[in-house]
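Please see the structure below; I have some questions.
In order of appearance the chains are A, B, C and D, and numbering begins at 1 in each one.
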């Protein structure tokens, strides 16, 4: 009945799944912060819909990762009892929710990336992962379309909205690099046919992302030299605060059944 | 006066009124007030639950809570649409909310202080809301009745989910969890009873609303029905309802229950509840913070329209 | 090594001490949130100084309360392992930090109240409490003076600062009632000579508070009918979030030595 | 030129220069740059530590951390005052910081990710800062030297407190805590070594600064001294410094150590570190959010002055 943190194994397969699963979970958690505070009621609906989809994807991935990890953990132990260093999402997902411009732009960046990734994962050698991807592809396509519409509206709308979009882009851009980082975990995943090396998605992502930016009257920035390290468990100062909130009940009520 | 007599006859015959039909101004105003108040309650009601989304104890519970809040946003949308058929725009209704002219259900001025509050809101608050709302599915104004059918169906689902989550904690949980559930019930029981409104003798709007088929059962009747339905559920849960006077009255075939603190009721209705200021403040802030977004969407739509005309 | 929450006993003496100790602790925690973000560097110093004094008072009071409670707990178990319902500070202390106007006005309201209370507690029949009060009186007097200076500056300063002070007053006022609430715990404290019934401080507090408001060009509001219940463990929605952050490390690292 | 020769002679004789004394423009500018950069570092340095004040694991540690941050605000104040004696106002210096013209120590562009980071910052970052700063207590410009004496005394205290907190975790803590300390050391070791600045061969300002007594020891000398002082402390702690090449060289009577990643150093100095944007953004936001407060204080002071004149 101790709420000691748990650790997952070092298997590249598990790590690969957690990088993706944690991405979905952490972004869902950020989007949840809008609950009841969106600029229009339709967006309260749309944002909670997106959070729900991401949460569903995260649950499937964490459950699958826990099974492969073979220590008898479940999705909740992975979500609520891993400490920050064991979370493997890119830092982009954990950045504070920001204003609606930042939310929309991040949702667009992430859903574009996820859609590319899910499409490749539909052909995964891991049947379970392929099944998760098959469902997620449709969801991500909708998220991407919805976010792109907003990028257009806000980029094109008023002077203020366009300025906010440029500021959001400045904040977000340096963290996009990490979506296309590549290491031994990617290499193993690619070799096994588990999934693509993330780096292989970069050109297509950039083309799609920048095309919508251009339509919205925004310039595609030059590559940033900064490389965040969330995929290796080295996060920003924001994740710790998020986990303190998210994990509190599980930590404070050891042995609870919910 | 002839039209009014015909209208009253249709109502008396149990006919439904559609937006294009003639209706008395007072009927229209009463409905707009009631439907918009209901819509406001849905969106203000997202706040106490939203307070726990980021802290839900399992991913499954987080998903259930998110979905519930999403449903409430959906209810808000149908209800605003139903009210719009009566000629008042959503922006007008929101303005009335934000300036304090329109009300929302007082229950949402109470805080959610522990996780079990989420289950108890599902069980007691949604339960009371359903009692209030089921009769409205037969309301004389058709768009409202149609909206309510959908709302009631989803709320019954929420109520069952809330109750089920409490059952899990009470049956399988730790002592600390059981204490949490009891604490939540202690805080929500009386406010839930107040949701049915003042006693019939103090409820001036009831009579005409009932005649018009906008309201079909009285406050006290509904409250009694709610108590009678809830007591056995509490027993199954194994929690104590915080009312020493609550007991079965074999003669009435109903439960007697203690005196409601109506001074608290009126205090909260009149703005001095625990969170009146904060709830309204949160809605106003969301609205004001979002002004630039709505402006931008409008500006973009205008530019698009101009481009299309030019093409 | 379990991090189960602890419960303190129902003794009125312990409750009386915790109401005060938790007030100091919770307000200190709120003030800490300004760390590095104050409007001028001098206020970074002044605010952290005030937080330090309050924290010192809280530590002394919690240590003393733990000893009287006799369950072998220490200040840290009381601070980090009690759940929200066991925290007994008035809700005023836990309200979000707000803008600088709210911070200044709350600090003024609370330090005025604490100064009155500490002065009475200097004569407590509990020698330890009297000693704590003897030290705290000087600190509270300084906090009150410093905060009053700012109330004057901001109330009198510009249209914006005066509008912000009025808004802060509107937010804060309904929660001030609880500082003068009175119940069996107060009655027992007064009867034992432990300390005053809080209600007995009301008139003097109101006179001092409203005098400074008047000098600052602000109207003293009418009594609010609202009565918050933090002293009985029924808080606002804010305390839970504060404790999730504050207690996270102790909850997540059971058995830790720091 | 005669004055300049006299000035150089005073410096050479080890005299202190006071604000009213004549000094070469370049000396003045160099000092303003260095002192204000140091002041900025103190106030930006409050941010990574402030990130943990609300989460400190015990009340004692919270108090120690708060007091440390308070000291840093105090150091900022003395140092801005020392720089002001050279004719540049605090607002001018802050403006240079906020617009990115002035720098602050790059170390604060790294995040504090676990509680042990707070101890490690005390031990390694304050430790490195002290190595850099002790020679400045004999700096030729007297107000700076005086400020530095106080700063160094307080920082030595912080360093001991940081080290002590790590010692407690390593000696009495759980395995999870020990892992936390090691993780923190792994992340801070190399950035701490970079705090001494580029290697001497790449450090163009050094020579004249040393001649003028603004700087008294070279970067590489200080870095070596730091490594030699730190290695035995790490052994006592029982942590591993993350450098496989680190070893005692009996011939040099000093430790050899691995190659510093200077590309990272320059990346962070030039704005592409983990938090350059956020740190500066947080300072700018605090400044902008506080504008109305400063305006109000000024307006009030003016009104008071007018009243006093009128009286």
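Basically, a contact is a pair of C-beta atoms (placed from the backbone, for glycine too) under 8 Å apart; a residue touches a chain by one contact, two chains touch by 3 or more.
Note that the structure is a prediction, hence the values are computed from the model and not measured.
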item: Given subunit B and subunit C, the chains that contact each of them; value: A
item: Identity of the chain that, by mean CA position, is farthest from subunit C; value: A
item: A-D against A-B, pair bridged by the larger set of C-beta contacts; value: A-B
item: Inter-chain centre distance, subunit A versus subunit C - centres from mean C-alpha coordinates, in Å; value: 40
item: Distance from subunit B to subunit A - Cα centre to Cα centre, in angstrom; value: 34
item: Centre-to-centre distance between subunit D and subunit B (centres being mean Cα positions), rounded to whole Å; value: 57
item: Interface hub residues of subunit C, defined as touching at least two other chains; value: 4-5, 244-245, 248, 253-254
item: Set of subunit B residues in contact with two or more other chains; value: 55, 176
item: Arrangement of touching chains [line / ring / star / complete / other]; value: other
item: Touching pairs among all chains present in the structure; value: A-B, A-C, A-D, B-C, C-D
item: Complex interface listing, subunit C residues touching subunit A; value: 1-5, 83, 241, 243-245, 247-248, 251-254
item: Touch list for subunit D against partner subunit C, complex; value: 43, 46-47, 49-50, 53-63, 66-67, 69-70, 73-74, 76-77, 80, 115, 165, 168-169, 172-174, 176-177, 282, 285-287, 289-301, 303
item: Partner subunit C, residues of subunit B touching it in the complex; value: 48, 51, 55, 111-114, 176, 183, 187, 267, 272-275, 277-278
item: Complex interface listing, subunit A residues touching subunit D; value: 4-5, 83-85, 170-171, 174, 224-226, 228, 234-237, 240, 244
item: Contact set on subunit C toward subunit D in their complex; value: 25, 29, 32-33, 35-42, 44-45, 48-49, 51-52, 55-56, 58-59, 62, 75-76, 79-80, 99-100, 152-154, 156-158, 160-161, 164, 245-246, 248-250, 253-258
